[in-house]
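Both complexes below contain subunit A, partnered by subunit B and then by subunit C.
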Partner chain A sequence: MRTKHLIIATILLFASTTVRSQDAKEISTKALNVTDIDAMEMTSTLTIMDAKGHERIRKTSTASKKFGETTKIITKFTAPADVKGTGLLVYDYENKNDDMWIYLPAIRKVRRIVSSEKGKSFMGSEFSNADMSKPNLDDYTYKTLGTEEYHGIMCWKIESVPMNDDLAYDNGFSKKIALIDKNSYFTYKITYYDLNNELHKEMTISGYDEVGSGMFLARNMVMINLQNGRKSILTIDQLQNGSSLTENSFTPAALEK
Partner chain B sequence: MKYEHFIIKYRWWFIIVPVIITLLAAIPLTKTKVNPDLEKYLPEDTPAMLAKAKVDSLFGNSDPVILIFETDDVLNKETLTRLKNLSRAFHKAKEFDRVISLYDTKSIKGEYGAMVVDPVVKRIPKTEKQREQLREDIRQNELAYRLVISEDFSKTVIILKVANGITDEQVVQKIENTLHEFPGDETIYKSGTVYLRVQVNSDISRDMLILMPLGMLIMILFLLLSFREWKSVALPFLVVAMSIVISLGFFPLMGWELSIITILAPIMMIAIANNYGVHFIARYQELNAANPEWSMKEITKNVLYHLKKPVIITGLTTIAGILGLVVHILLPAKQLGIAASLGIAFALLLSISFIPAMMATMKKEKPLKLLTQEKAGIIEKGLARLARLSFTRPVMILFIFGSFLLLAGAGVVHLQVDSNSENFLPPKHPFRQATSIVNEDFGGTKYLTVLFEGDMKDPELLKRLNHYETELKKNPSVGSVMSIASVLKIMSRALNDEGDEFYDKIPDTREAVAQYIELYSMSGDPEDFDDLVNFDYTQALMIVQFRADNKNALDNVIDEIDRLTVDDPERSIIGGYCLVDKELSEAVVHGQYNSLLFAILIIALLLILIFRSFVSGLLGSLPLLFTIITLFGTMGWLGIKLDIGTAMLSSIAIGIGIDYTIHFFWRYKYELGSGKSYEEAITATLTTTGRGITINAFSVMLGFVILFVSSFLTIKYFAFLIIFSVLLCLLCALILIPALCLLIKPKFLESNFKK
Partner chain C sequence: MKYKFIIIPVFLWLLSGSCYAQGLFENTVNQADDEHKLQIDFSGYGRASAYGGSNFYDYSTLFAEFGIQGKLACKRALLFTDLRLRAGSQFDSLGIKLQMKETYVGYQSDKIDVYLGAKIVSWGRMDGFNPTDNITPYDYFFLTADPDDQKLPNFLLQTRWYITPQINLELIAIPIYRPSVYRYDLFDLGEYTTFVAPALPDNTFKNGSLAARFNFDLPNTGFSVSWFRGYDPFYGFNVYDISWEEFAPSIQLQAQPYLKNTFGADFDIPLGSWVLRSEAAYNLTSAYQDSMYIPNPDISYVAGVEHSFRGVVTILQYIGKYTIDFASLDDLPPPENLNDMIIRELAAFDRKIFYQQEKTNHALSLSLSKRFAHETMNSELMGYYNITSEEWFIRPKFSWKITDNLETGIGGMYYAGPDKSVFSYASDVLNGGFVELKVSF
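Take a look at the complex of A and B:
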């Protein structure tokens, strides 16, 4: 009898831990999917501020569309004047490093850019390139740290830890903790810990708008670097769900137009 | 004889109270702190300090630590793995703002129509072919080749920029721990001013702690040999020890830190403070020999009566001379002036109270045979001979001293100021080895930064920067020049194909510049530019890396930069630690000139007041001038450069020189007053007071011989020079001054000595 109890207890224990970790990954997957829009067009403003309050403002218009397994994103700078017309094309593959092309109007040239470092800054801001693209879910282990109230909303507190040292180094953090709405699966806040496991950056996300059936997009993202006092704000000024652009508009040649 | 009775009557008080004071002063000694970083003490408003402060506030600490790894081929798997681990660990460390290694330096190149931005080593090569490909890539990479990896691939560096507010100890601790955590077979050298300061700190402390007591031991032995009785050695020595405690104890009491300058305080005490005691003992032995029937108390009273005035006068003039340091530009020199004066004042008080009080309580010894019988010692015989010489050949003596002064003094024009604190260390020191590796293989250990203020995306300005770089690179001392313009040029090669109109040049339009930079911010790491240009592109640095182990080489690069950029309206300032270093040494030397001048004037004035004679001021300061000019001139001839340590030396020379002269004057005046002829008076003075002076001088010289084993070149020179100046002072007092007195027959020494 005793043995039987023990076996049952063990099974229950295993089951419960499996269920719980499954939960954490599931929550993260759902949170990603709720904002995973197949196609859209938008204009946005990126404000980069240093600790002394100096600002750099970049205005861009962007279109993105999924073709098969690959999401293709084309971005054009509209301001400031000296970089106006600069274009950026990204092919975001599911299972390999992104491809990236840039067009510089001043020298009328399209160049492919190869860079492997995901953890590096996005356009010189506090956001990293990893923050801007969809993470590979299998690169992390997930854990539920419980629940926390965020502005009156009950949230899951989910910790993601890169699977190994190399991944941690590539992404530039040792762990991140996200607050995810229990009902809507919106992510409101992510705190990043640096490779030394010290609090590094804090991203707050707000202004979720429904852009399609069950599809949402946040209009406002603020990233504060708590270690150096720098801050970057990404605001979506206009947003349109879906895009009429064809695959031809997402080629290096199209950048020059 | 009121004072003498008083001292003897209350002798126990005069013994116990100073001992208690000394013991109390010893308590704060445990809290003594050493700070080898003299830069902290420079006034903050000097040009070099202002420039460095400005550049540091804009672009962070410009004074990196450089770790050099040496092995057969640094591209081997083990070394690359170790470098990767170390580089990551340093990135994590809060002690460092920036880490530059093979894993952080960028490779920017055009490849199959793409611009590729990667770390120099992206992954560790697995096959021989991959390794040779990597080697070829590095050869083509002007951001890496000869900057982070040596030409023959046997050495590579990790460069660390220290974060603000991190102490030298924390930096060294972190580096040592990290290197220990990831061990390997590579030989490691460490360069950078942090290590220089730490080395100087630990080595100076070590040398001083070990060598000074040894030196004092030698002095004790010599004094014992000369005086032949223990108590005669113990008394002057106690005075030295007690005044050292007082002067050093003053530092923690005032919250001051010991530095490479203030460490001279105990040395000054050893050289100067035993002066007073030695004369007491010499006089006691002299009286004891002449009057064997006198009691110890009688002898003490007599010694005190004869010596209290000259001792007070020598003490006061020495203090006045050393207080000349108070007008020095550097705080530690001022502190040294105050602490050493305090120590000497204490020694002076001890000499006229503690020493006689001790003597009065001691048992009387038998008179020294040396002084009573015919078989005089070497010193005594020699002195008698010198006396004869000075009254038979005074003109010749004057001629010899004059010629020597002229000959040696002419060397002053060759005297150079050493502006490089690296030269404190001996040539074989690991730090110096690291320096020569960085100089040979990595572009040099010195950095100058030129700040430009304006629109840093303006192609015209960038083209000018590019021009300055090209010109500067032609200078053989210059190892590398880096600015935002260099990066743009590298990008122009990666973005455009050879033969293109935009290839290998600064773009012609502001738009193109802006777009290049924007492109880089998408592909590289924006931090890559943090060292070169500020956030809103209004200020930029041109970093010039070069080798210079002397002031001329440094001046040469500075002049070249200045010549090129002086008319540039956007150029703001030139900064760098080497400028601070240079300014510091110049400040020390010029400060010392002022202090010397001030000291000699004050001493001459004091002498004029004391002896009520103008001639006394001239005659008394003559040995000082002679010693100092000859000293500096000899340094010029021998190529010994004036640095922080050797410049301060002249203060000691003053302290000693004036003491010897006054003791001579006093005794000579007394002997003349007691009715002796000039010749008799000189013989009497030299064989009595002259004996004290000689014993004192030789004990000091022998004590400093021990410093020759120091690992610091500057300490060795210092020892040589201090021995040389004591010798000069001694020769002046025993030969020059007597000859001059015979020739001039100054009135102030003839006026009757009242008994």
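Take a look at the complex of A and C:
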């Protein structure tokens, strides 16, 4: 009888854990989908500040469009002069490694690059390459840590842990905790822990604008490195919902133009 | 009258095509002026560059340069120019030079691009060793911190037809041959050897070059097949004259380009966090048995891998060559006289510059680069070793972006090889260090 109670309790414990786990993933999926725009064009400014407040500024122009199951993203750097003309093309797949090409004016060639080391710094900023593309949801396990109020808004507190050590190394963090609006599913804050499980970076996201039917895009992202005091700000300057660009504009050859 | 009817619709079609509304992405990339739809973009730089320390030259290159790049786009029409004004010294020759790095006009659309003018074209997927790239000439003796400075434009007509988003066909016509720059006159080839003006092909239709490339950029692989017919920018040397004064020979050499057909192919494949690349070319020449400046037909091939080891981008390449119809000079009957001996020695020199001194030639190259200090600093190391000829070089470079507009670079180049090898001759001229300071705007 005692054993029976123990089994029932164990089953209930596993069941409740599974339900919580699915909920957390569902919330993360909804949070991702609310900003998953089929096509758009934008210009943005990336401000990189060191601990002393010295600034470096990068300006980019980006177009993104979904063709079939693949989201294709082309980015061209428009400032400063030394990186101007550099182009990056990403074919963002749901369940496999992305295809990526880069065009460097200095070598006048388009080169295929691999999308490993997503945890590497994006253009020397505190953002990582992983922050610049849509994450693969199946790469993580999810857990709801409860709820938390953020600037008067009730949020889910969701923990995401990479499935294995390789994914953790690739993404550059051991876990991240996101605050997701319980109503709108907007993500307002993500806290990153480094591979030693120490608090590393904190990203705050604001300025959600509706760009389509039920689709939103955040205009401001601020990433603070809590270990070295550096800070990077990504601001969307101009935004256009939809894109008239054809698939020919999202090819390696188009990077050279 | 008939032609008039053809020309007018074509003109109207071009105009109508050009009056399309552009999106935010294209407008921003091309710096559109909203009112006139004339897109103008200027950028440029100033730099001071020094390269020196070789056995023969304390200052190989020492100059100040102002460069400006301008891009004007009016709807689908395009004008691009890259002009450089340089003052300084190159191998003890002082002067001011205006260089048109590139200037071309063109028509760009979703389906087809057409460019005409002085333009640089880079073919091939490998790094630094591209057997399929027979189009772009190089000035190997313009020594700076930036290897791109050595690329020279051709006057050419280039069209690219986008058959599908993944497949395009590129056609290139180069009416006038432009050779690469090899300053063998700077080498110590002995006191009896001099160079006369090169024997360049006449500017006729038949001496022009044609090239075509089918390029496929698929999600899991990229590959291309290509063809080139024309004079190779990488020319050979012929004996112009050998005369004797008492017991001393006077040998006059002449650069002489040769005609060839090249069939090439290349590919790249991403495999997880690795990229595999390869490129090969089948070079066909004729009359090579009678002319020392024409290399034998050969198959040149390069295979490499790229991977990032803890942030160090590592590219390892094997560079090989198989010479068809190879006959060793050692197997020939002994020279009958001194002139024959000199000619044979010079034929051996031509074989060295073509890497055809053996039936097969094997070489390795390794490139390491790492960005650090939040990508404001970059260190690179490039090494090459030719297993067959035992020649090698190494090229370290360090660059630092002090601010967004100010960058400095420092590094060096060191060639070495057995006595009388090409790298041995080059080492006296090309070895040295460089430093550069550049402001971009």
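Simple rule for what comes next: the second predicted complex is superposed on the first by the 237 of 257 C-alpha atoms of A that agree within 3 Å, B and C clash if a C-alpha of one lies under 4 Å from a C-alpha of the other, contacts with A are read in each partner's own complex, and residues count from 1 in each chain.
The working rule: contacts are C-beta pairs under 8 Å (C-beta built on N, C-alpha and C of every residue); 3 or more make two chains touch, one makes a residue touch a chain.
A quick note: this is a predicted structure, and the numbers were derived from the prediction, not measured.
On the superposed subunit A, the positions of subunit B and subunit C overlap enough to count as a clash.
By the touch criterion defined above, A:97 reaches subunit C but does not reach subunit B. In the superposition on chain A, contact is made by A:50 with both subunit B and subunit C. In the superposition on chain A, contact is made by A:76 with subunit C only, not with subunit B.
In the superposed pair of complexes, A:107 makes contact with subunit B and with subunit C alike. Within the superposed three-chain model, A:194 lies in touch with subunit B and out of touch with subunit C [touch as defined at top]. Of the two partner chains placed around the shared chain by superposition, neither subunit B nor subunit C is touched by A:132. In the superposition on chain A, contact is made by A:240 with subunit C only, not with subunit B.
Looking at the shared chain after the overlay, A:250 reaches subunit C, while subunit B stays out of its contact range.
When the two complexes are overlaid, the chain among subunit B and subunit C that reaches more residues of subunit A is C. Legend: residue contacts after superposition of the two complexes on their common chain; A:42 is shown touching subunit C, with no touch to subunit B. In this superposition on chain A, the options for subunit B are 423-431, 477-485, 657-665 or 747-755, and subunit C clashes with just 477-485. When the two complexes are superposed on chain A, the residues of subunit A that touch both subunit B and subunit C are 50, 56, 80-82, 106-107, 109, 111-114, 116-117, 120-121, 123-124.
Within the complex formed with subunit C, the subunit A residues making contact are 41-43, 48, 50, 56-57, 61-63, 70, 74, 76, 78, 80-82, 84, 91, 97, 99, 101, 106-109, 111-114, 116-117, 120-121, 123-125, 230, 238-240, 243-253, 257. Within the complex, the subunit B residues that touch subunit A are 88, 91-94, 111-118, 122, 457, 495-496, 502, 507, 509-516, 518-519, 521-527, 535-536.
Across the complex, subunit A is touched by residues 21, 23-26, 28-29, 31, 43-45, 108, 110-111, 113, 120, 122, 125, 146, 148, 151, 160, 162, 165-166, 168, 215, 217, 219-220, 222, 268, 270, 272-275, 306-308, 311, 371, 374-376, 401, 403-405, 407, 440-441 of subunit C. Considering their complex, residues 50, 52, 54, 56, 77, 80-83, 86, 88, 100, 102, 104-107, 109, 111-117, 120-124, 169, 194-196, 198 of subunit A touch subunit B.
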